[in-house]
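To keep things clear, I will list the structure first and then write my remarks on it.
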Amino acid sequence: MRRELSVSTSGTYEVVEITRQVAAVVAESELDEGLCSVYVPHATAAIVINENADPNIGDDLLAALDKTIPEGIWRHDRIDGNGAAHIKAAILGPGEVIPVDHGQLVLGTWQAIMLVDLDGPRRRRIVVTVR
Amino acid sequence: MRRELSVSTSGTYEVVEITRQVAAVVAESELDEGLCSVYVPHATAAIVINENADPNIGDDLLAALDKTIPEGIWRHDRIDGNGAAHIKAAILGPGEVIPVDHGQLVLGTWQAIMLVDLDGPRRRRIVVTVR
Amino acid sequence: MRRELSVSTSGTYEVVEITRQVAAVVAESELDEGLCSVYVPHATAAIVINENADPNIGDDLLAALDKTIPEGIWRHDRIDGNGAAHIKAAILGPGEVIPVDHGQLVLGTWQAIMLVDLDGPRRRRIVVTVR
């Protein structure tokens, strides 16, 4: 089964948890055992799995990426001004695949599924596929 | 269905778009809805999804990786001279999983599938699996 | 089919090869062609695929990550002291998907599947799903 989610971000950089929405697709699919792919069809956003109980972790991730890949020094910046966002998105990757067992996402206690927008604010699509 | 692609690179570092070849495997599979795995069975190459309409982005990615993980300072360099290539490949990862819907890859407007060779020139195999 | 592996690490940072255990799950599944997901349900560990014939590569990866994302300077450190481990795990990612063909993992000659513990020593679970 395939469903599309939509998230509107409000800043240039933003980490938005989407665990609940992905879990709802898994529940709707009624799949007992398999895999759940979470995929963002954008070149300046990414899907990351980590802790969100402390939302500082998302800010720490964005700060680490900004320190390593600073803005404004890339070839693509002459065309579109968002070269750093593309590089960060390429490194983080557009998707993650999570196991499903007994009809539920196999996430650890401290794992949340998060959309990372690196060039917002925008409306971002997220494709969830359960197999 | 599983098919193997082959790409010959010509430089030490090279980003080669393979979207069309992967899409041809999806079309051949006649799968309507599911997942497409693109996987490179090499330890100094990676699969990345990002924009290729401006090929500068591939160069920017390679430059950012080189700045962060410079050559010639790693333990493995005493054995094989390509330590940086291994580290970069481990971080980017050997594969991506892309949703398939209505018989087509669900790629965003600015998303292309790319092989990143970090230790060429070589002939690189790419395994495409559609499920 | 789904199986859970368990690995006990002994240091703060540790790279542990798990190729043989994952291959055993694939053999047990008797799947001829498909995909194998390897997933760690933890927020300070990751799955990486690269060379382990020279174990220096794992040490090089840990050194590169430590240089890029040093310890002790993150917001989350005020809460739990392991901010760097979370950021590194988010960048490496919790899982990899490997093709299966003729009943075997399609790994390159120099590819090994490795658990990367970034905040050990701990007992780490690894979920292997074959589809």
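Structural remarks
The first chain written gets the first letter, and so on, giving A, B and C; residue counts start at 1 in each chain.
Basically, a residue touches a chain if its C-beta (ideal position, glycine included) is under 8 Å from a C-beta of that chain, and two chains touch if they have at least 3 such contacts.
Nothing here was measured: the structure is a model prediction, and the numbers come from that model.
Chains that touch both chain A and chain B are the following: C.
Residue numbering at the chain A/chain C interface overlaps only partly, since under half of the positions present are found in both copies. Averaged Cα coordinates give chain A a centre that lies 20 Å from the centre of chain C. Among the residues of chain C, those in touch with two or more other chains are 35, 68, 91, 93, 97, 131. Residues of chain B touching chain A in their complex: 33-35, 48-51, 54, 56-57, 59-61, 63-64, 68, 91-93, 96-99, 101, 106-108, 110-111, 131.
Of all the residues in chain B, the ones that touch chain C in their complex are 2, 35, 37, 39-43, 68-69, 74-76, 78-80, 83, 86-87, 89-91, 93-95, 97, 125, 127, 129, 131.
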